[in-house]
Each structure stands twice: as C-alpha cells, then as structure tokens.
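Shared chain: chain A. Partners: chain B in the first complex, chain C in the second.
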Partner chain A sequence: MLDIYFVQQIINGLSIGLVYALMAIGFTLIFGVLNVVNFAHGEVYTVGAFVGLLLITWVAPPLLVVVLAALAVGAVTGVGLERIAFKPFRRFRDEASLRSRAMREATLLSSLAASIVAREVMTLVFGAHMQTIPQAYLLQRPIAIGPLSITNGDVVIFGASLAMLAALQFMLFRTRIGLSIRAVSNSPMGARFVGIDTDRAIIATFAIGSMLGAAAGILVGLYDGTITPQMGFAPGIKAFVAMVMGGLSSIPGAVICALILGVAESVTTDFLASGWKDLVAYAFLIVTLVFFPQGIFGVGRERA
Partner chain B sequence: MALKRLGAIVAMAVAVVAGAASAQTKQIVLGYELPLSGDSAHYGEAFRNAAEIGLADFKAAGGLPGADIVIRYEDSKNDAREARNIAQMFADDKSIIGVLGDFSSTVSMAAAEIYAKSGVPQLSQTASHPDFVKISKWQFRNITTQSYEGPFNAEWMREKGHTKVAVVAIQNDWGLSAASSFADAFKAKGGAISSIEYFNPGTRDFRSILTKINRTKPDAIYLCMFYEEGASFLQQRQQLNVAAAVFGASSLYNDQLIALAGPAVDGLMLSSNFVPTNPDPKVQAFVNAYNTKYGAIPNQFAAQAYDAVGIMLTALKKTGVNATRDSLRDALAQTKDYPGITGQTTFDPETREPVKTVVRMMVSNGKFSVVP
Partner chain C sequence: MTILKLEDVDVRMGAQQVLRGITLDVGEKAVVTVIGSNGVGKTTLMRTISGIYRCTAGSITFLDQPITNLKSHRIVRQGLVQAPEGRMIFGPMTVRENLVLGAISRPAAEVSRQLEHVLSLFPLLGDRLRQKAGSLSGGEQQMLCIGRALMAKPRLLLLDEPSLGLAPLMVQSIFDLIGEIRSQGTAILLVEQNARAALRISDYAYVMEGGRIVLEGPADELSADDRVQSAYLGGKAH
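Our next item is the complex of A and B:
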C-alpha cells in the first residue's frame, strides 16, 4: 500500500496544496477584515504574474527583484481595487448601512465585475494563450530525493508560504496597523467608535492582501509554467474553498485546509481518476459546512 | 426642345441601367461563430484572421460577380449556451445562407441542432467528434476525425514496437472520442492499453496522473490534448523523470508548444495535416499573407479555417448569385478535390466526412520536422 508511488502522490498533493495556500493567505486576510469575498483576488494574482513576466522579458533581473516588483504592483493594484469596487459602498456611515447585508453583498458583485473586466482587458492586451516564459526562470528544476522527485519551485513556494505567514502574523500582532486591522475585523463599528481610522485599516488590508496575491501569482506562474489571463480563476476557487473550510478568517486554518485539498486531489487521481478530483474537493467543502458550520479552525463570531 | 427631351430620356435610361446594375450587387452574408473572448479566444482570433485572408483571396481571384460577400463574426466564447443563442440568431436572419464554426466539438454540436432544425448549412473547421456530421445533412467539417487519426497513430506506434500504452485525454467530447478511437485501434493491432486517464479542461498539474501512469510502466504515452496542456504535461514528465516515449494527436501541433516547454518537448511524435514549411506555393502564399498581416506564422487551426472558408466560398460560387441555404448545402456536399493548404479535400457523398491526408512529425532539437 505505502509504495513509493503513493509517497510521491502525497508530495505532489502537498505541492498543489501549497499553491492554493499561497493564494488563500491574502484572500483570507481580506475576508477576515471586511467580511466579504473579494472575487478579484484571482486577478490581482494574474496581474502579479504578468508584471513579473514583463519584467523578466524586458530586464531579466534576479528572481528576488521580480518578486519585490510583484509585491509593489500588488499593493498598488489592491489599493486601486479597493477604490473602485469597495469604497463606493462605504459612503454611508450610518448604523443601518454598516449593518446592511445588502451593502456588503453588493461589493461581492462589484469585485466580481472588476475581476471580469480585468481578465478580459488582459485577454485583449496579451491574448488568451499561455505566455512564453524564459526557460531559465522556470521553477521546475527537478531535485531527486532517492526515488522521489520534487522541484526547486516546491522549495521556493514552501519558503514563500512560510515567510508570508510569519510576516503576516508579525504584522497583525506586533504592529499598530495590525492592531487597527484586527480591531476593524472584530467590529467595524466599534473600531470607528474608539477613533480608529477604519478606512486606512481597510486600505492597508487590501494593499497587504494584494501584495501577497501578486507575489503568489508570479511564483506559481513560474512554477507551473502557465501565465494566462485565466490563471487566477481555478486556484481562486480552491483558495475560497480552503478559506471556508478553515473557518473564514483563520489564516493558518486556510493554509492547512489548502494542503488537505491538494493531497485529497492527488490521492483521488491515484485511486479514482483525475476527472473526479474537483468533486472530492467540493465534497470536503460540503462535509465541512454540514458538520463544522464555523469551519474546522473557525471560532464563533458575530456576523451581523 | 426635342433635343432637350431626348437628353432627358437618355439621362433617365442611364439612371435606370445604373440602378439595375446596383440592384444586381446583392449582399450575401455568411455567419461565423467562434470564440473571440474567454480562454479559447486565441483559436477564434486565428480563425478570424485566416477567414479574412480567405475572403480577400477569393475576391482577388474574381469573387462572385454580382454579389458582395460579407462574413459576420459572432463571439461564442467557446460556450454551448452562447453558441445556441448565436445559432438561433443566424437561423432567424434570412440574409445568412451559410455558417462557419464553431471551434470545439461540444459547442459546435450544441449549435448544430439548431442549424439542423432550421436548415442552415454549417461547416466547422475543427469539430472532429465522430457524431458531429451525423447530426443532420446540414453539417460539414474540414478536419480529419479522430476515427481516422487515432488508428493512423496506433499503426505508427505499433511499427515502432510499442506494446503497452497509457492514454491521457482531456475530458470533453473531443477527448473522449480521440482516446477511444486510438485505444480501440491499438488493441485491434495487438497492443495493450495500460490505462486511459481523463483530466478536466483547464488542468495544469499532471504530476498526479504521471505518477499514477508510471506505476504501470507503459512503453509509451499517447496524448489527446491541446498544446497548452501538452506543454505542462511534457515539462512535468521531464521533472518526474518518466521514461516512456510520448506520441500525440495533431491538436498538439503548434510552435508555441516548443516555446513554452523548451527541451522537454524533444522526442514528441505527432500527426498533422498542415506544415507551414511545406514548399507548396499555396501554403507559402498563405503563410506569407498571414505573417505580413498579423505578424505570426499560422498554425494548423488557422489553416483549417482558411480552407473551410475556401470550401464554403467555392460552393457559393458554384451556386451563383441566387444561392439559397438549400442550394449552398447541395454544392457543399459535392465538394471534390478542393485544393486546400491542408491537403486535398473531398466530402464523402454518403457520410459528408472529409477525406484528407495526414503526415507524421517529430520534434527534435526544438523543431518540428516531418518524418517519412
């Protein structure tokens, strides 16, 4: 049973899961604060990948510079996205609007609209086909460990996930802006009552979440060798599932659930067929929602 | 006075003749449904580019006297529902007498039901599912089906001495038919199929499938997929060090495959019906026209669209200015030895299946080359 191929499948699964995790981190951060799904996160991820690719084709800097550039562009994109799709719905400051579910759900659609527009604009500019990536930048060099095989991309993505998690935890729990983000996340109205600049906290959240999203985009693009305007969609859905399973606002929970999803997919491919893997991922989601409505790692929280 | 009146009569007569002449330039519209947005947009772009060249070439060669032919493009997004809406719109528009497209078999077949019901001739450049032309007498295609290509490749693999083959195919109508036509033929020729693995469209991670295949140690792998998936598959095959030889269907044939996956593609063997380096003057004329106008070397998808448009226009020329949907269909059905850039094409009078020629190709040192 525990043959070498099965171990390889677990490794394959963990590396798929890491890709989802990388995206889920930024996604969950934004959800945790605003309590709305940012459907455009997948496009921020794609923008990060394209900017990184343009830089690689024009300047060919070291990978670290590419990632830093993606982080910067991600921050700008995040702030812009907030401005276009989210801020207009925070015009009204009265209690009824702040508590209004309709107001919150409207941003769900506005972020979806922003994502469709961004995706189609990128398709018009770059074309729908897969972009050519210089071979030297691909994170696909095999590293053999006995009969098993991983790639340098697995190592890079694992390292990036760890670094992102650590930096986020530091930022949230050790800095002032982190404190105000947590306050807004806990109770937007309460935060406003005690004098926190909630707009600033929300913009900061978008900037940070989108930085992580954009960096994830270029890393995963180089790892998969796939940079297209559509690349953000499928991992976006999986990151969403991981976030819901993990309890909506728990970032470590989302990461763990992303890994579970990845392993579930590759084990399903092994025992059933590749065509079934999404079904298994979504079955996990349903089971979680039925038995753990708060998510596996979620804590009860007032959702007004 | 009399002279003046005569002048007026002459002027009137001239006006009448001129009016009659302009009434004779009748507009004939062909509909073309194809994906121009969404993740298959680059295929649709290639079709439209090729169709524009095809129409321009037809007009340059004399066109259809007395008629102005227009192609109307509609974006189906490679989505069956969109395609059905477009099909209904084309069918309701009496000025449209023939339709080209759609791209994938699934979408083309969804639209085909409407064309069959309304009696509009439909010619797809790429729908290669065996059932497509069986829908009604109104369906035609300009692509060899997998029931021809599968056995062709199976024969080739048997000649190379492969006995145990794993098949990896995209899970859609085309992929299912490609995998089963190949597998049936390979088994009939005495080989064994170790497994058939289907994956969902959009999959980019094939390591799980590769690991699973590798467990059964096949001599070769047969790919029924497009070049994007092919690039990921071949890169990950190299990464996991899977030794089996790789063969593929013509859908993989695209220079982008080599640009994307680099040295991982070396050794891939595949079939194709269009090679842009073919010295045939017709092929070179098209490749040059396409390259001048769009700055790219056309792939076989563009070539199939160019020929599809050519076949349609040739049929239209045969029916003349007063072409109707019925007469155009009959003329299409009589297509014989159309000298296209994807080989000579004849529609079988019984089944309406195209009869075309396919060649064997191999990738070596980062180049596709024809193997004898």
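Our next item is the complex of A and C:
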C-alpha cells in the first residue's frame, strides 16, 4: 500500500518541478542560441510575480488575465534585457567570434549586473519585506481526490505548465521563428547563410524564455502566497542545475531533470529540515558535474 | 548585363589583410569560377560577398544595387544565396526542415511550390524528408546544402567547394547539376579545387594568389594558359 503522504509529496514535487522546468527552458533556449548563461533570468521571474501582484491589487482581474499580463511583461523584459546586457557585447562575425571567451565572460558579467540592478530597484520600490497575496487569488484551496488532498494551485500549475510546454513545442517545430531559433542554436553560421536574421531570432528567444520565466514567477507567488524581490534567486539556481543536468541545450532533458529535482526536494523534506532542501540541488549539481560532465541527457554539441 | 560586381574590395582580419583590391564581375546566366590554392582567400571572398565579413574598402553591387556591408539576411532576400564551404546544414533537424529554412527569405506561401521544384532536381532528398540531415551521406549532405540554397530562388548562387571530399561519381553529378541550375537561369559563382572540371563548365574564370586576382579570362583561354596548366591543371593535359 502506497503511503498517501508520500504520494502527496510527489505531487507537490511535480508542481515545483514544473515551475523549475518553465524557468530551465528559458536558460536552455538562451544558452542554445548564444552559448551563454543569462544570470538575470531569476529576476525575470520576480518581475513576473510583481506585475501579477500589482495587477491584482489595482484591477483585480480574473486569474487568466493575471497570467497573460505576466507573459506579456516577461516578453518585454526579456527583449529589454537582451538589448541592454547581451547585444552590446556581441560581435557576431564567424566561427572564431562565436567561440570567443571574451564575449561569453562579458555577457556573464553584464547579465549578473542587470540582475543585481533589477533586484535592488525592486527592493527600493516595493521594500525588502514580503508582500502577501490577497486571499481571493491564493492558490491554496484544498481539493480532495479520494484520500489525496491537493490544492487548486497544483491543478493550475499543472494545467498552465502543460499548456505552455505544448505551445512552446508547437512554436519550435511548426513556425518559422521557431525553426529559426533551432537553426541558430544548431549552427549560427549556417543560419546566416540561409538568410535568417539571427539578431531577430535571438530577441525572440529572449522573449519566449522570459515569458515562461515570468509566468512561473506569478504562479509560484500565488501558490506560496508571498512575493519578495529576492524570490527569483533560489528557483534560478534550481533551474540552472536542471539545465546543466539536462545537458545544457536539451529542452526535454532540462524538463525531466527539473521534475526530478522538484520531486527529490519535496521528498527529502521528510528527512531533512526544510531549510536544508536547497542542498538537494547543489548535491545534484556536484554529482552531475563529476560523473556526467555532458549532462545526463547530454549529447555532444556542435559548439561545446 | 552584369549581375554581381566587385570593385577594389579589401578585407582585413585583425592585422592580416586577406583580400587586396579584388575586382570581379559575374554576368547574367553565367558560370564564373575562382581558382586558387589553399589559403589564398577564396572562402573569405565568398563570405564577404554574402555579407558575413565586412569590406574594409571597395564596393559590391548586386543587380545594380549596392550591397556593400549589408547584413547577410538582407543579401539573401535580394536573391544572392550561398551554399557555403563545409555545407553547414542543420544536422539535428530533418531534411524537410533544412529545406524549409532555405526559403525563410521568401513569402511563406511560396514554400511548398519551391520545395516541389527543388525536390524535382534532387529526387533523392524526397525520400529522406523526415530523416535527420546529419544522418545523410556526404554527397547527400552536399545535395541538401545546394537544395537549401535553391529554396531561396537565387538569381546568383555562390558555391564554395561543392565537390570537396566527394567520390568521383558524386563530383560528376554535382557538376552536371551546376549545368542544369544555370540552364534554368541562375548565375553561378563557383570556387573549386577541382580546377579542370570547374573550368570545363565555366564561361569565365579568375585565378587568386595571396589575396589578389592575378589572372582572369574566358575559361577556355585560361585552360590553355601555361601558368594555369602547370599550377592548377597538373601540366599539359592533352
């Protein structure tokens, strides 16, 4: 007989894992086209949460509108981030410049700087304390399924994440901009020879990745009931770990690893005080780097 | 009528000047070849025409429009398309996706008609549309690379070493294909190590050495030239 409590922990873990997955996809998409890590991705998540909160306190629209607004602001934030922190350091001429360490290190630092500035600005504007979500929007209403008791938050996160994953898949495989993004990820030079506007494909990548990140932020805000300017940091780390475990540029790999990570965290809170649960991600990261330097699902990349 | 015109084009890579004063013309429906040994700057020339590298001096004109230092995707949109050295196909994507991407500069409504046209030139690719491009043989990948370029309906097709690393039979079919593409009204600028075969199908040719053009002329005259004979055709052929 399966322990009911254990099953509930797994469901919890899958919800958290899906949130990590939404964030990890942003990391993975951006790493795919530029071969760099976007350190400001966690702040995009926070921005999504605050936009949702502002909308809720000012307008109080239906939940769907809150999520759509977070998606829209996420897209704008992503594009702005790319223009400010990435584009100025890109000298995109040929294979040699694509492998350039200088470019990679410069954008690493500029995205880190952007993340610090964004976090400090949000702290100045909203204060460092926790903002609480109005009761009506909290996604904590219990739903009983037989002996199981989940929350409407689990249902919303499952539904929204799966819808976004399906939309992403459609976009990447069935639309011109999606094909362009995959082409640039695979061979930036080949992409230029066929006539892809690589700059546009990169902007689109930031927009899409940041949409998913911002949506994750507001969903978690409503699920947990609190929002702070620092809230993006921990999930950012988890999503980063999922990306590395998944092999850096594999979306299915990142999603599966994010789910594994979420479930592992949730289950280990049985054994560890919950303050220690962040250790799980670090442990996974170390194990991956030591034993699977290519990632668990990593295949040799053209541009390693 | 000339469709491509380079005038005094210089290209510098860091401290090194790779191209010096290149002046070159491609006429309508012509096949023009550039020959030269390794490292003389042929690929640099092709990439500069396609807008991948910047000219440090000189000008490039395509269909009477200046395209000097235009972005590469704008140049493709005007009908100047390259099948690059090393093929640069998208290995993890399917053959169909590669071909569809080739038409990214065209209106979406044209893609299926263009796909049909390209598949009629490469029936072999038609059987492999769902296969990953990276799993094709070298010759098939070269066909895909040229097919992908043709998807953009080029007025001028640049081919950088299309026969590199292929078996003799495959090389022959590539050269046959070049003839067919030209007969459909597309001009071709070709870079080839296989100078003999290239000169045979060309109207005009240029010889490059050390980043300069050192010799030019109608292909049959160049084939008969003693310097070309000894340096690129391995001595007297007949």
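Operating definition for what follows: the second predicted complex is superposed on the first by the 291 of 304 C-alpha atoms of A that agree within 3 Å, B and C clash if a C-alpha of one lies under 4 Å from a C-alpha of the other, contacts with A are read in each partner's own complex, and residues count from 1 in each chain.
Rule of thumb we're sticking to: a contact is a pair of C-beta atoms (placed from the backbone, for glycine too) under 8 Å apart; a residue touches a chain by one contact, two chains touch by 3 or more.
Given the structure is predicted, the values throughout are model-derived calculations rather than measurements.
Engineer: Looking at the overlay, what does A:Ser100 touch: chain B (first), chain C (second), both, or neither?
Structural biologist: neither
Engineer: Per the contact definition in the header, classify A:Gln294: touching chain B only (first), chain C only (second), both, or neither.
Structural biologist: neither
Engineer: Specify the partner with more touching residues on chain A, choosing between chain B and chain C.
Structural biologist: For chain A, the partner with the higher number of touched residues is B.
Engineer: With the two structures laid over each other on chain A, which partner does A:Arg182 touch: chain B (first), chain C (second), both, or neither?
Structural biologist: Once the two structures are laid over each other on A, A:Arg182 reaches chain C alone.
Engineer: Touching A:Tyr5 in the superposition: chain B (first), chain C (second), both, neither?
Structural biologist: first
Engineer: Just chain B (first), just chain C (second), both, or neither: which does A:Asn152 touch?
Structural biologist: Neither: A:Asn152 stays clear of chain B and chain C.
Engineer: Touching A:Thr269, do we find chain B (first), chain C (second), both, or neither?
Structural biologist: The answer is first: A:Thr269 touches chain B but not chain C.
Engineer: Looking at the overlay, does A:Thr226 come into contact with chain B only (first), chain C only (second), both, or neither?
Structural biologist: first
Engineer: Does the superposition put A:Asp197 against chain B (first), chain C (second), both, or neither?
Structural biologist: Second partner only, chain C.
Engineer: Within their complex, state which residues of chain A touch chain B.
Structural biologist: So the residues of chain A touching chain B come out as 3, 5, 8-9, 12-13, 15-16, 120, 123, 127-130, 132-133, 135, 138, 140, 142, 144, 149, 151, 224-226, 228-230, 234, 265-266, 269-270, 273-275, 277-278.
Engineer: Using the touch rule from the top, collect the residues of chain A that touch chain C in their complex.
Structural biologist: So the residues of chain A touching chain C come out as 93-94, 176, 179-180, 182-183, 186-187, 189-198, 302.
Engineer: In the complex of these two chains, what residues of chain B are touching chain A?
Structural biologist: Answer in residue numbers: 37-42, 45, 171, 197-200, 202-205, 207-209, 211-212, 214-215, 228, 231-232, 235-236, 238-241, 256, 259-263.
Engineer: Can you name the residues of chain C that touch chain A in the complex?
Structural biologist: 47, 50, 52-54, 71-73, 75-77, 81-84, 88-93, 97, 100-102, 104-105, 108, 148-149, 152
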